[in-house]
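Chain IDs A, B, C, D and E follow the sequence of writing; residue 1 opens each chain.
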Amino acid sequence: MESIWYKILGAIITVIVAFIVGLTYMGLSRKITARIQNRKGPPFYQNFIDALKLASKTSAIHHGFMQHIGPAFMMITSIMSVLVVPVLTGDQWFSNLNFKGDLIFLLYIMVFGPLGMALGAGQTGNPNSAIGVTRGLSQMVGFEIPWVMALVALMMQYKTASIVDLINIQQEQGVWLMFSSPFAFIAAVLAMLGMFRYSPFDIVGAPTELASGPVSENGGKYLFTLMSSNSIFAFAKLTLYVDLFLGGASNIVELLIKTFAIYLIPMLYGTVSPRYRTEQAIKYFWGWPLFFGFLALLYAAIF
Amino acid sequence: MINDKNSQKIVDIIQNWSRKHSIWVLAYGTGCGAIEIPPTMTSRYDAERLGVRGAATPRQADVLLITGYLTTKTLKRVIRVYEQMQDPKYVIGFGSCTINGGMYYDSYNTIKVLDKYLPVDVYINGCMPRPEAVLAGFGKLQQLIAEGKANGATKYKENLEWYRGNQKKIIPNWVMPEYNW
Amino acid sequence: MNTIILIFIIFLGGAILTFLAGMLKGILKEVLFLASVFVPVVLFFTNISIGQTFSFQAAGFAFQWGITPLSYVFALIVAGLGLMAAIYAVSAMRNKDNVSFFYFNYILTIMSMLGILFSRDLISFFIFWEIMTWSSYLMVVYQGKDVQTVGIKYFIFSAVGAYAMLMAIVVIYSLTGSMMIDSLIQSFPGFSFNMQLLIPILLLIGFGVKSALMPLHVWAPGAYSHAPMAYSSVFSGALSKMGIYGMVIVMVSLISHIPGGHWFREVIAWLGGITAVMGTLWAIKQDDAKKLLAYSSIGQLGYIIVGVGIGTPLAMMSGLFLAVMHALFKGTLFMVVGAIERQTGTSNLTEVTGLIRKMPWTFLAALFAIIALAGIPPLGGFISKWMLYESLIGSNHYLLVIVIFFSSTAAFLYCYKFLFGFFLGQEETEWSHVKEAPAMMVVPMLILAVSTFVLGVFPGLILNPINEAMQTLGYANTQGHLWELSIIFNEWGNQIAMQPIVYTIIGIFLFFLTFLTIKGYKETRYVTTKDISSSGEVPKEHENLTFSMNFMQPFFRAVEPLMRRQIDKYYTGFANGMEALFDFTRRIYTGNGQTYAMYVVIFVVLLLLFKNIIFG
Amino acid sequence: MNMQEIKENLITHVKANFPEAAEKEFDGNRLDFNVDKQCIPSILTYLKDRLGYIHLSHIACVDWLEEGEFEIIFIVWSPEEKMKVFIRTRIDREKPVMPNIDMIWRQANTYERELREMFGVEFIGLEAPDEFLLEDWGGPPPMRRDFDTEAYADDTFWHRPGREDALDVREEIIRRSREEIPDFAKKYSR
Amino acid sequence: MVGSPVLLIAIPLLAAFVIPLIGMIWKELVRIIPGLVLAYMLILSATLLYYVSQNGIIVETIAGWQPPWGINLVFSPLTGFLATLMSALGFLVWLFSYRFKRNVDFEPAKKYFIFLMLLIAGAIGIVITGDIFNQFVFIEITGISAYALTAFYTGRNSAEASFKYLMMGALASSFLLVAIAILYSQLGTLNMADIASKMHTMNPTYKIIALIFFITGIGIEAEIFPLNGWAPDAYTEAPGPVGAAFAGIVVKAGVYAIIRMIFTLFDIPSAYDFLIVIGLITLIVAETSALRQEKLKRMLAYSSIGQMGLVIVAFGIGTHEGVFAALFLMLNHAVIKPLLFFSGSSLVFNSKEKQIAEMNGLGKRMPLMAAFFSLGAFAIVGLPPFAGFWSKLSVLSAAANEGLLLIIVLILIVSVIEIVYYFRVVNRIFFQEYSREKSAAPHRPRVNALVAMFVLAIAILVIGFYPDAVTGILHNASKDLLNTDEYINNVLQLGQSLTR
């Protein structure tokens, strides 16, 4: 029984680390964006202040049960994905649920939260929320295709669906998958642009156009839950990329460096790009990313 | 744990600190003052370094920034927006029009004194106030929040009938839902 | 008396008695109806064991009825869903005209489906198949809408399928001299190649029609949406599975023995994949929930066909598991639509909004079913999707897996549309009078919905009979190797353990639910859906702010080229051309006696002229 | 055709059909007609359908308080001839009733609503909600010249009392900027 | 033995002549007597059939003249089966039309029953006679009474239809006469068995020509395309029960005549292929024509022609199974088509135009009739578990055994067409709104009609659920047809009749 409590403790620590790292990255992204725009920018811990403030709001409204539990659904997705993705390779404490799920499970648990959130947004009755949700779902259909192609290519090439196995393969071979399966990496990175919903793919929650879309009716602790869930989710996604393509990380510093390096890609791309409309975004994802996805599949089929 | 007085004080300090440094602004750009917001937020003056950030909807906002005159028609919406915001919340009156009507002092359709209708925490004078003044206004608000004096929302709640009476005086056809807390 | 024949006698007698009781007032017919569904189903669950048979001779053909492990899996669907939908139907069909006719057809359908599954010989298979066809046809036209288009279309397609099957049956009979399915399977490898190709194709046309395979699916949207919803849940949930049942037999026992049979199976799998994509895309476009579910059924059956078509152990397992799951969640969803239509009078997603607080239990059932449909863990739909993907990747169908994944992702769109359209959005005053459906409608829905959850946590419950069925089909035992009670493995040994995952999910959910619900210094309160931040505007009572027209428009702008052609139009064109042609042949009979006399003379002259050729 | 020819042509056409219309010529591309209010729909239809004045630019109202009349002005524009035509009509100020023309131009509806609200001019058969710009308006039509906006504002709204010392700072401002108070401004000095 | 086969012909003929005389005594007897006669015939033929199945065929001579010189009657399992079927149908037709036209005065009822008796006598005569010229005479008797019954309503259209029928019938008689003349001139005999035994001696050219004339002549009665121009008009214009009698009795007799020619008399193997081809053409043309019909009875007429085409195809297969299937089809057609005619004519009884479009929503007004019609429609398109399914299955099975896959495909395609037009009608009856202006007024049929339909419906269900009830008889009959040598021997040696 002891081991289960250790596991639970490890899981809680993982989630807390993910929360902190995710918020810090978001803060850094605000800072970097500000510097690119020739501004001083907020301090890197600004997001923590925001989160604390949201948590200390003294009132919160909801429009019904579904909106009330929507953030909890979102949280399930974030925490489950951070628990399923191997955070530190070979560490017993933080192995969490690594062996209980695999890539396909991850793909599906990743849409659980957004769907719950979408239901919550629908419950608010705000048309902006519903519009944002339809855009988000449509865009998701766009970027999931190259993303899945990349994953399928990896799975086919290495005959495993387990992320741990993929890390082990990379460490045995000594070559990161981003070099040994370059096309899959490119397709996955292009899909990641959409997954992080930074500009140019941020029409889902366009603040001026849709009044921040799905979350437009959420304030206070709901927004706090969503914000922390987003940060955990971002960390999970970054870790997944690191695990899949950058050979995983065996200690926290390596993890931070690698995840931040990956994080810079959508962020920097976003700072210099204007916003796409939904169908433009879908067509974007079904252009070059899809092409690279096919190349990746071809590459996997040949090798 | 919250019942303890000292710890309550500490919690208050932390909360006020966070509120002070994270001001999400819902700019109600009715009048000409709205044009002063972009320079305040962008590179030259960069209000974001103070934690000031735009919010898209009243549900997420902390500060309601009323940038200019309010007609009876827009006042209705402003009241509605204010009531939809979550506690704690603050109002900044921006420009002369909100203070005494400014150049619209004899207009048949604009209100002259905003604080009769909404609890204003900070007024920023000027027609229009320049971004420096706006930043100063935010600074003042931050100071008030840190001291715990920015209690417009409480005032509004406590004196709701008075405010409501004033509002209903110029909005005779009152169809809005009641603000019930 | 033999239990098998007893079941059918009770069904048949019950159907007739119920029909006759319809002439009386009172609840006699309801009682009889429930009894004549309930008793045989209970008999089936208690007294029927695999391997038990019943044989007799009629019209020179040998008949044999009995249950096999494979048909047991499908019989579970039929019996379970049939019973639930029957309970639902009693309440749903109350105060409708001609209810006893509905009951009559309903019992006949359940009977014929069980009959199909019990049939060990082709002739009784076909007889039950046809009874199923016409009883379901009578249900499609039961409400009297679009009878001459939708009803006739359904029956023509069914008839074409059934006659293709009949042709295959008589050909088989002439080749083997026996109608037994087992003897067909035994002697099939000895047939000539042409026959080996012809017989499966003919049978697949028959089964493909019922399981709405791509070029043969055009009847399905109309038929599913025109039948009463209580029946549609059986129609889509169980009746379409009869096609799958046949397909499994054909795929595994026949096509595998053809030289190059795996290409055949590839083609079927790809057809299934295309079916899934097109079904899904059209489902997104529908504004009527019935049509949406109908197209969604087409898409889901496409998945099943992909699984059955690929035919690796994992794929077959996923196909059969999805067949069970589809019965559960699609049955639930059709019942939900029925309940909503009963309470509001319409099933249009753009009209009905904000029912979640009026019909919370219905919503709960719909939510479970939709999550299962979308394949999101931890519900059962996920298990089947997971197995399908893993098997496709494991067997190197990498393009097919992308196609399936696309359709499955796009399915989220209609899933959301369904839930949003009915339950979420603004609570309009127009629907403020709506009340929750009666308990007899809600309970079956909830039972089905909860069973999706149970099967999600313990997929082994249903994988066990599936495994037995697959062993009789010639697959190896997969227990402990591809699945355990609560763990599933892929072909490379990676596993998903559902129990810890589900416990974790529930734990996280409860934790954050408590956090969000906590009272005290955080005041949480409910406001109405009119109280939204719409730029300070106060929505008036009559103003409908719900966003429901052109719901997925941005998506359709992107996928428009795929949907420009409708296969239905080609069929309609063909039918119209045929009618015109036959109108021409009709004119041979001019109504003029002289012409007829001339025909006689021409006939004689021609015969005399060509007598040596004709009678030589 | 130069502008003058266009104008003459227009005048002959209009005169032929509406003999009572009194024209008034201006420099440039403008021409005025004074007509009776009963003629308004027919002359506008005529201009639109026959002479190519397809665009209604504006409907304006002038309050001739001293004469006890409102003057309603319809401005139409021909993109081909580049010519503005003003159709003017006078109506009684006490009972301001006008024929409705929003079946000729859909956009006339907006202008008519504005005139109805701001001047109290009634357009017969105008189908539109009562409120246009002024919500919850209780007073008289505010654009009429006999409407005292300052008194109304004093009645309706609070005024901040102003500075405690009640100095008229304008004198000081003028002194500093060495400007004279214009006549119109003196009128408003307290 | 309850009687001799000759009574099957003699009694109805006698009744036909007696009816007008008895009618002078009591009008009601005109209606009753035919029923009694037909009931007696039914019992007689059924008993004889049973006897035959136990003891072998009966050959009855007329006036002591031995075959091949005299006229003889052959009561074999095949002919007995057909005779039983016809008398049974005749009885049901009588039952349905017992009060067929209410308030009808004495004259038409008298005529109607006279001609009905003649029709049945003629048809049974065609079937059980062993003499070719005698058969010709019976064909004429049947034909003439059929013309008269077609014109029963004495309207313009009826007269026209009757005239067409008459004209075609006259053509048929002449061709038939020519054929008989050729045979007689070549073989010097008119006895069928004798002809069959001597056929191999005949000049092939004459043989073929004789066959062609026979086919043409009888084909007109048997509704073979393109000789069936009379049929749609006659069916449409004749009263409903007469249509049933045509479909169930007259056509059956015609088909019997053809197959007797081809199976027994002529030894031309390619004639079987000809039967398949001509049957298929008949089937396809008739069913496709039926698709676009607007009148109910006309549609049923085409359907009837199509069914006969299918029967001929099945006979053309020529094997035991084929013949069995064909006989099964004939039986089912004789059971189902009268039900359709009876219920259909009741449904459109009150409509002027007898259009299908006038049947909208009648299912709610006349539920029983509509149910009977639907049952008939379900059965005739071959849906299990109704009667039609088994016969269709037998046909397909027989074709498959011979490897005739194309025939199977064609039959099934035509079946789909059949489904379309029958279900359109069923849909109209049940699932369209009744409109007072457009739909026909409901009509409540009398008890006797209901009983007739009920018997037919029961028969459909019985055959559907328990086909073994009839398959034994059919197997005997088909064995009998195929066994030409035994037929010749039996007739020429007077079969059982000598030992009786």
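We take it that a residue touches a chain if its C-beta (ideal position, glycine included) is under 8 Å from a C-beta of that chain, and two chains touch if they have at least 3 such contacts.
What you are looking at is a predicted structure, and each value in this text was computed from that prediction instead of being measured.
Common neighbours of subunit A and subunit B, listed by label, are C.
Of all the chains, the one whose CA centre sits at the greatest distance from that of subunit D is E.
Core chain by CA centroid proximity to the global CA centroid: C. Centre-to-centre, using mean CA coordinates, subunit B is 38 Å away from subunit D.
Averaged Cα coordinates give subunit C a centre that lies 69 Å from the centre of subunit D. Centre-to-centre separation between subunit A and subunit E, using Cα means, comes to 79 Å.
Separation between the centroids of subunit A and subunit C, computed from CA atoms only, is 36 Å. Those residues of subunit C in touch with two or more other chains are numbered 521, 523, 525, 528, 530-531, 533. In subunit E, there is no position where the chain touches two or more neighbouring chains simultaneously. Shown for subunit A are the residues in touch with two or more other chains, namely 57-61, 211, 216-217, 220. Annotation, chain-chain contacts: A-B, A-C, B-C, B-D, C-E (touch as defined at the top). The touching residues of subunit E, when paired with subunit C in their complex, are 160, 163-164, 167-168, 171, 175, 208-209, 211-213, 215-216, 219-220, 226-227, 229-230, 232-233, 268, 270-271, 274, 285, 288-289, 291-293, 378, 383-385, 389-390, 393, 396-397, 399-401, 403, 405, 408-409, 412, 415-417, 419-420, 423-424, 427-428, 430-433, 466-468, 471. On the side of subunit B, the complex with subunit A involves touching residues 14-15, 17-19, 21-22, 24, 42-43, 46, 48-51, 53-54, 56-57, 59-60, 62, 85-88, 181. Partner subunit A is touched in their complex by these residues of subunit C: 354, 356-357, 360, 367, 371, 374-377, 382, 385-386, 389-390, 393, 396, 398-399, 401-402, 405-406, 409-410, 412-413, 415-416, 419-420, 423-427, 490, 492, 494-497, 500-501, 504-505, 508-509, 512-513, 515-517, 521-534, 545-548, 551-555, 557-558. On the subunit B side of its complex with subunit D, the touching residues are 72-73, 76, 99-101, 105-113, 116, 166, 169-173. Looking at the complex, you find that subunit B touches subunit C at residues 2, 57-59, 76-81, 84, 87, 175-177, 181.
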